[in-house]
Each structure stands twice: as structure tokens, then as C-alpha cells.
Amino acid sequence: MATTEATLEAPAQAPAPEHVPHDKLVIMAWSGDLDKIWPTFILGTTGAAMGMETTIFFTFWGLFPLVRNDVHITGENWMQKMMSMMQRPGIAHRKLSKMNFLGMGPWMMRKLAKQYNVASPAELLEMAQLMGVEFIPCQMTMDMFGLKREDLMDGMGEPVGAATYLGFVAEGAAPVFI
Amino acid sequence: MATTEATLEAPAQAPAPEHVPHDKLVIMAWSGDLDKIWPTFILGTTGAAMGMETTIFFTFWGLFPLVRNDVHITGENWMQKMMSMMQRPGIAHRKLSKMNFLGMGPWMMRKLAKQYNVASPAELLEMAQLMGVEFIPCQMTMDMFGLKREDLMDGMGEPVGAATYLGFVAEGAAPVFI
Amino acid sequence: MATTEATLEAPAQAPAPEHVPHDKLVIMAWSGDLDKIWPTFILGTTGAAMGMETTIFFTFWGLFPLVRNDVHITGENWMQKMMSMMQRPGIAHRKLSKMNFLGMGPWMMRKLAKQYNVASPAELLEMAQLMGVEFIPCQMTMDMFGLKREDLMDGMGEPVGAATYLGFVAEGAAPVFI
């Protein structure tokens, strides 16, 4: 609005930009479900391919896909162990948020992805790491679920808190909560 | 803050804006649940009414409400057909993400909406289209679920990928993942 | 990119900022689940602590945690009453979005939080209010579910609609939908 009133005599006052580019993307991966992992890593890899500085902050259930597939039970006390038993960690063991049908839903979804040349979550994850997408685990989640650094796959950043996530947002990154 | 220290002698250096308007809105409609369709279309129509350039990118389960109500089974192979049978497409057949109770939850919710003059999802969808909200289907989802252009309602844009969605974000659109 | 081509002779034209700070945060709290309340209030309190102007807009299921714990049944007609019976309101009665197991999941989660010095949802809520995070209830949700002002805890703002939420976004607030 100020633009219309600006006179030629006062060119120093730059007009407010109408809209402003986001050149950073920060995804909060909260869910560990198979059907949410796809958008997380598709946005992650696409963002990186487009030259956006892309970070994924893995929190709550979202951290379980990053547990190494050969780790079965995580945690130190019985509650944490039970949590991991009730929901086996690892990207190879993800379920759907709906239509799970004792594993038939995820099986069909993975099958369809293959048939239609859609990269699998594990492939997308690897691709994201190769493309330089930054992976950050949530410290609080690791504490609560008793996850240790050695439980997680390689290439993860230092565990941090919400302030780091919001630091990216405050700097102007586009936030996506999945 | 820099503004207060700016002197008249150095007007060429524009101060960094304290915060910057988003004049575009891009919603990723990932969920097809009744209780998520409401915020999707309420934000969509309200954004358009406020003069924001508004786009909704329909992906994954979010694409099913846009299948025409008279289409029962979608897909080309048995897995895709089974998927659509387990979750009947069309905006008239949406379920709640919780408290579904064999359809009683959605029935009550639609009833309450009517009683309190809240527009139905189908009305909001129509309104959004009339107001110029752009509807874009996700190509990958259409491939995986075997959805064809003729399965979808009229007025949908060309199917595209995540790069188009992130293109809007990179240009400065406010991203909302629902 | 324009920056590199800018010449000293034309300083009046301010270069487009490469990325722009978000100094406001607006969270749409749609879900009332225990495992979503945590990120809502952790982001809320952290945003406020970092000096971001932080607003939480509570809508749909997200409004139920703000019903006073001593209020059991809300609503005016039988459908609204049944809704609140099927899902008891109040922050002390939240369930997990998954692994609920008749209340054992939430019990374990609250137990683990305590053990690892993670603030409880009720503590985070109180902290958020003390730190000046603005709490806004969604008018439409209150209408649909028959919630009255006196059902909600103290310190809530005036009930408003989606236009208020998008007003924050349009002014440049970073939007997070949880």
C-alpha cells in the first residue's frame, strides 16, 4: 500500500516485497507411519533437488523409522521396551495410519509403489542423505523412548530440541509439519 | 530494529523487513478424512476470500474425496480396486479420523454442521472452485492408486508432482500440510 | 541472484532478501491427542521463549483439551453430549493417536515424561499462558460441539474464525498445522 504513495523523489525507501521466497525448508517428521514417510522424504528430496536448504527434524513416532532395521527392542526400562515391541522400529517395518489390515495394506502399498516406479521409503531416505538433506533427531524423544545414538542409522546429526527447529523457522525456512 | 538506527544519509540500504506478508497459500491435502476436509476447504475458501492466491495440492488419501461420487471402484489392478473398495471414494462417503462408530460419528457431524449453519464439505468444495482456488492432483498418487482423470470431478488442474507444490513454497507461499 | 548483477549506480532498488525471518508463529491445534498436544505446547512455549509472537488457534478436536477438567459432559443437544461422552474433554483425559491400549499407552507416556523431566501437557499449557502465548478458540468448533465460554479454562481469547488465523499468516507468521 505504501508503494502507491511513494514518490519518485524518495526512491531510497524500498517497497515491501509482495511475497518473499523461501529458500529453506524445515520438515518436522512427527509421524512414523508409512503413508507419512512418503511425503516426508518426497518433499525432502524434492526440496534438495530444487536447491532449497532442507532439514528434517525427526520427533516422537517420526524417530522410529530411523532406528536401524536390525535393532528390535529399544529402551532401557520395561516401559520403553514395551513401546518398541508394540511398534517395531525401523523403516522396513512401518505400518499405514489407516487400512493396515494386519499388514496387508502396507504390503500392497509397497507393491504398488514398485509397480509404478515410485521410490520406496528406504530408497528415498538414502537419496535424501546423498543429496545433503540434514537429518536431526529430537533429544526429548530419544530421552523419553530410551533411544541411543547407536540405535539410529548413520548420518544423523546431533540430537537437539525444539529451539533448533524454530531457529530454522525464525530464519525464514518454510515449516512443514507431517 | 535496524530502522531506528538508520540515518537519512544512508537511505539506499533498505532495512530488512521485520516480518513479511504471505500473499499466497498452498495447502497440501494429504488426508481424506471428513474432519480434515473441513479445515482444508475452510482455509481454502477463507484464503481466497481474503485475496490470497490459494492452491490445494491433493495427495495420497486426500485425493479420494475428489473422486466423483458416482464412481465406486477405481484402479486397474486388483490391489488398487481393493483399496478403493475398502475406502469408498467421493466426498459424500468420507469417514472421521476417530470416533467413526460404523458411520454414526460422520452422520452426527454432518447433522450438527447443518444445524449450526456450517457449510458441508461438498458445499465448501464447490465454493472453493467458484472462488478460484486452484485444485491440483498429485500425479504419483494417481499412478499408485490407478486413478484416472475421468474418475475425478471437473475443474481439477493437470496432475503434477511435489516440485510444483514446493515451487509455490519457494516463491513465498505459506505452506499448510493437513 | 539479482544481487550479483546490482550495480553501485542503482542503489535505490533494494535487492530481494534471500530469505526472510519469521518473527511470528501461529499454530493451528486441530488434534486433541496427547501425542500432538506435546508438540503444540512445546513449539508454543519455545517460540515465546525465543521472542516469537506466538498464537495457538484451537480448532476441532484440538479444543477439547482446553475444556476444564471438571467439566464432564459438554453440549446442548443429545448429539453434542454423546460426542463429549465418547471422548471425555479436559487435558487430563487425553489419549494417544495410536498405541492407546485402553489407556495404558498414555499412562506409560506420562510416566516416562515425568521420569525424564519432560514437562507434562498441563504444565506446558500453564507455562505457555504465563509466557504470553495467545490462545484462541475456534468459534465454528464451539458452535458445532456446543461448547460454551464457561466450559473452557480461563485465559482464552475471544472465539474467532479461520479469517483471524489466516490474518496472522498473511501478515507473515509461520504457520504450523498440528
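Chains here go by letter, A, B and C, matching the order in which they are written, and residues are numbered from 1 within each.
As a working rule, contacts are C-beta pairs under 8 Å (C-beta built on N, C-alpha and C of every residue); 3 or more make two chains touch, one makes a residue touch a chain.
Computed from a predicted structure; not experimentally measured.
The touch graph of the protein chains shown is complete. Interface chain B/chain C: under half of the residue numbers present appear on both copies, so the contact uses mostly different residues. Centroids built from CA atoms put chain C at 20 Å from chain B.
Taken residue by residue, chain A touches two or more other chains at 12, 14, 17, 20-23, 174-175, 177, whereas all remaining positions touch fewer. Within the complex formed with chain B, the residues of chain A that make contact are 12-14, 16-23, 25, 35-36, 38-39, 42-43, 46-47, 49-50, 52, 98-99, 101, 108-109, 111-113, 115-116, 118, 174-178.
Residues of chain C that touch chain B in their complex: 11-12, 14, 17, 20-24, 28, 30, 59-61, 77, 79-80, 82-83, 86-87, 140, 143-145, 161-163, 165-167, 169-175, 177.
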